[in-house]
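There are structures below to look over.
Both of the next two complexes hold chain A, though its partner changes from chain B to chain C.
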Partner chain A sequence: MTTVAKTTPNSQRRSYPSVQSLRAWFAASPSAFVGGTLIILLLIIAFSAPLFAPYTPEEMDFAAALTGPSPTHWLGTDNFGRDVLTRVVFGYRISMAVALGSVGVGLIVGVTLGLLAGYFGGIIDNLIMRPMDVLMAFPAIVLVVALTGFVGRNLSIMILAIGIVYVPIFARVMRGATLEIVGQLYVEGARARGASPLRLMLIHVLPNAIAPVLIQASALMGIAILLESGLSFIGLGTQPPDPSLGLMLSEGRQFMTDAPWMVIVPGVAISIAVLGFNLLGNGLQDTLNPSRKGQ
Partner chain B sequence: MSLLSVRNLTTEFRVGGQWLAAVSNVSFDLQPGEILGLVGESGCGKSTTAYSLMELLPSNARVANGEVWLRDTQLLGMGESRWRDIRGTQLAMIFQDPMTALDPVFTVGDQVMETLREHLGLSHKDARARTLALFRQVGIPAPEQRFNAYPHQFSGGMSQRIALAIAISCHPHVLIADEPTTALDVTIQAQILRLIRRLLVEGQGTGVLLITHDLGVVAQVCDRVAVMYAGEIVEIGDVQSIFSDPRHPYTQALLNSLPSRQVEPGQLANIQGYVPGLASRPSGCRFNPRCAHAKPICSKQPPPRIQLSPEREVACVLYNE
Partner chain C sequence: MRLLRYIAQRLLLLLPVLFGTSILIFLLLRLIPGDPATVILGLRATPERLEIVRDELGLDLPIHLQYIQWLGNILQGDLGQDYRSNVPVTTLLQTRIPVTIQLTLFALILAIVIAVPLGIRAAVYPNGAADRGAMFLGLFGISIPDFWLGIMLILAFALGLRWFPSSGYVPLSESVIGNLRSFFLPALTLAVGLAAVLVRVTRSAVLEVLDRDFVRFLRAKGLREQLVIYKHVLRNASIQIVTVIGLQFGYLLGGAVIVEEVFSLPGVGRLIVNATLERNYPVVQAGMLVVAFLFIVVNLITDVLYGLLNPNIREGQS
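Now for the complex of A and B:
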């Protein structure tokens, strides 16, 4: 009976975040706290970009082309005289949409498939997982290139393509976690109390098995941003004049010596987002452990 | 009519392409308000028997033969959807390791409420009140506060009390307790066993099948006992007469190997040899290679079941005529 004595009435558990609970969160996992805060800030910036950005992303000022950081253009301008800060802020929009969208697709489809495969096993497992193995064997970038080549280049195709690449990864992680949880006594116990397979899967297996999947998800969000940047860099992702972090890198390449801020700024912006997701993923490993909840 | 009646239950496991019987021809009856102990060494098929009764066997096992009657309903092979109405409400089960028998991501209160709401269709408010009453019944101090606690905040004994609260919540007719006290220390063991007797057997007239390898537990709470060896019941009868006058050589040896305070220090009595594995069970009487009274016939044909008295049965050739 180690912690029972100090258990406080748990009514705070469902209350709104207070300074106290934020502090508790930080203490439980500084890395989740920093990562989470970073991601939330970036999301706010991305989705309210017009409020933050001093210019519009396509606004050109040829007189000020390729000027360095200055009071009018804090992070300099590009070869068309467009404000780099504005374009990074709008670039985050695309990056975040790709990160959330592709992971969302992968998560929903992959978790469902993995849960079914792990829970039922046998033939169903094989029917689901063998195609996943085939999909997994495709290098991500080739699959995305092929898909965008077939269907065309636009944002939702790119999100879908990266999402499809993610499906087998999520399915595998979910299946593994499910296999472990299905063998647990409390699942057996729930079955002995007459719970239906659907109930067992959704109420008992899913919440217990989801932690590694969420950790994977936050890491894959970072990778999605990198993939989007890479695809835009080679000309298959976002098309000019839309501002994408990868596209900005690609455009800035030719002016690297004259205007280094054109590559440094989007490069650092990508790193910050990826770092945020990775910190969050690391931190989630600690906070999602139920035995640390309520302490 | 018996509450639970098991007839010729045979459960097999698939091992390397062939089916081997882990439980063979097990038959027993359980009356309302009775605790029947099922004792035997590890691997003798006690737990497999329990899981067979609930049809909760792993995918590499099957019930090959036999019937399980709950009053006048045949349970085996009745299909998952009908089973779901029976499990939890008519047949409940508690397990050996209480620490892993509760779902770690839900509060204990939610877990007790789950069954109440699922099976009895209670509203959230009623289920909560019932849960708190159950907590009080099973002896959880400060139930309102513990309601929102997570299983990891509970000790083994407290967790087993919660498991018991879940098991009794829907007034089951039969409770199958698979080594419910093995993981607990002795004082807690006694408390849990007393709870089972007071709440279920005396309170609700539940029949309890208590699986254990602890003869002390059997002597303490059981009314009758069935002794299992290598997948078969070798002797069954009321606790008093089996403990005072064991007939089957295995029961005798088992009781003989209990350390007691009267005996002078020295070597403890034991039974020579090992329990045979599933694939290497001897022919005839399965105990014959380890039996002190074995005769040539013992290895040739299975022993007859001999009714010694209305309550006692033994499977041994020694009592023929």
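Now for the complex of A and C:
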């Protein structure tokens, strides 16, 4: 995906920690740099939302309802006269919480299961991986719709539901990577020296098998944002009056001919966040897995 | 013969997945706290109606017998009853399934038509305009939410230029042109995400094949470049491309859930969403069953195509 990267000597990185290391990072992988910077900025905006937002997300000003971008409301207002920019900033809070939370759940459970399945093989492998096949037999959104629909519509259930969908994905990637590492000589050597399975898995296998998992994690954070906004868009995710980007889009639909900013702004906001995670994922792919560069 | 054995093997491997899938869907309704009959009918249901539903679901039986009864009904083509409208769920699905299948197939064709030629060109002319276009599509296509893209397309081409209807569905039997027009924007919306993945895979698969010795040989032999690319390279690259198309079909089915909602198309996805919103659980279960079944069938077809394209499997050198 990315263009040719120049490798920078490590020594240079260490001696000039600030600007130089940023430059080195950029040179090594422009896409990881742009994506990473974008994500860090969005995280800062999301988690200190009240500092950045000019209004509060529920503040209504009916006199100013459905007005376009102006100096007082940079990105216009919605049908209740709420400030669109403010709601986007607070919407990022929900997006990022879902992205980090769901990938966290999927990562912890999936990596553990994949590690166990790949390390022990045999019956344990089957006991772990066959149920994973079942979870993979549904398109993600259908499973998430069903789980939130049957269990309840709120933020933690949404995070959990998307996390459950991610478990088999992480488990498969981790299992594959573990299988590759377990056969290596140094693992054999450590085992011959009498290292316990737990030690082997945590010290020798996990750190060496984690790279493809991290690449996957970045892409799945982007997909989590898409799932959350999609779910809220169809009415099964975040409930009004909370400012989810997907919910803003669905609310804006009835006004889209008169107030197109109500649908354009949240969509662009979602795309920027997802783009950030995808760029970061591509960059990690190039850095951590150089043999697949450019694919 | 080898191929047949390979297909039989795939079919056999499907059984545990189908079994597990059915258990998962069955359990979803039982996981909701409270009496399933009350959950299905709502709190204001009369005792007589509750009794009928309890009896039909076999709720007085132990749970494993309930499952066997439920599965037995499904295998006989009885997907249960929509207790709100008293219509068999199969009747609801009959009109819905073709809409979803037409939408996803249309999107699949559009995605292939957009992505495969672009991906080939990007690989043959690195850093050219096609390569840059492929990179752009590959990155933005997976970053833009499909429901938003749908709304933007409606704004531009339906409400603005009035080339297409903004929503609604014209059955094929009514008007072929009308039907294609009502499907074009939703299919395009759905196609972009798949095209993004496909263009990247096509590009890298073709690049990889172009690097092989036999291509150098064919070129040295003086074979026309067009023939080298479209006959030999593409055939070798197609294994990867077909596999990814199959794997991504689930994405289309999932995307259809939301795209049908945006364009008000009466497909299975919209049925699942509306039924979920109304807490009409038997309909949700049936919809999920259909989607999982379609998904599994597509994966099987992908496996078979993979077997047909891959000479190692076709000729049995495992």
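Rule of thumb we're sticking to: the second predicted complex is superposed on the first by the 271 of 295 C-alpha atoms of A that agree within 3 Å, B and C clash if a C-alpha of one lies under 4 Å from a C-alpha of the other, contacts with A are read in each partner's own complex, and residues count from 1 in each chain.
Here, a residue touches a chain if its C-beta (ideal position, glycine included) is under 8 Å from a C-beta of that chain, and two chains touch if they have at least 3 such contacts.
Model, not experiment: these values are computed from the prediction.
**Student:** Just chain B (first), just chain C (second), both, or neither: which does A:Gly194 touch?
**Tutor:** After superposition on chain A, A:Gly194 lies in contact with chain B alone.
**Student:** Output check: A:Gly235 vs chain B and chain C. Expected answer is one of first, second, both, neither. What do you get?
**Tutor:** Once the two structures are laid over each other on A, A:Gly235 reaches chain C alone.
**Student:** Considering only touches as defined above, state whether A:Thr257 meets chain B (first), chain C (second), both or neither.
**Tutor:** In the superposed model, A:Thr257 contacts chain C only, not chain B.
**Student:** For A:Gln184, select first, second, both or neither according to whether it touches chain B, chain C, the two together, or no partner.
**Tutor:** first
**Student:** In the overlay, work out which of chain B or chain C sits against more residues of chain A.
**Tutor:** Greater contact footprint in residues on chain A: C.
**Student:** Which parts of chain A are touched by chain B and by chain C alike?
**Tutor:** Shared contact residues on chain A: 1, 294.
**Student:** Please output the residues of chain C touching chain A within their complex, sorted ascending.
**Tutor:** It is residues 16-17, 20-21, 23-24, 28-29, 31-32, 135, 138-140, 142-149, 151-152, 155, 159, 200, 204, 207, 250-251, 253-255, 257-258, 261, 272-273, 276-277, 279, 281, 284, 288, 291-292, 295-296 of chain C that touch chain A.
**Student:** Would you mind writing out the residues of chain B in touch with chain A in their complex?
**Tutor:** On the chain B side, the touching residues are 54, 56, 59, 80, 83-89, 91-93, 95, 97, 100-107, 114-115, 118-119, 145-146, 148-150, 152-155, 158, 163, 166.
**Student:** In their complex, what parts of chain A are in touch with chain B?
**Tutor:** 1-4, 7, 9-11, 13, 121-122, 184-197, 199, 203-204, 207-208, 290-291, 293-294
**Student:** Quick check on the complex: what are the chain A residues that touch chain C?
**Tutor:** My answer: residues 1, 130-131, 133-135, 137-142, 145-146, 149-151, 222, 226, 229-230, 233-236, 246, 249, 253, 256-257, 260, 263-264, 266-267, 270-271, 274-275, 278-279, 282, 294-295.
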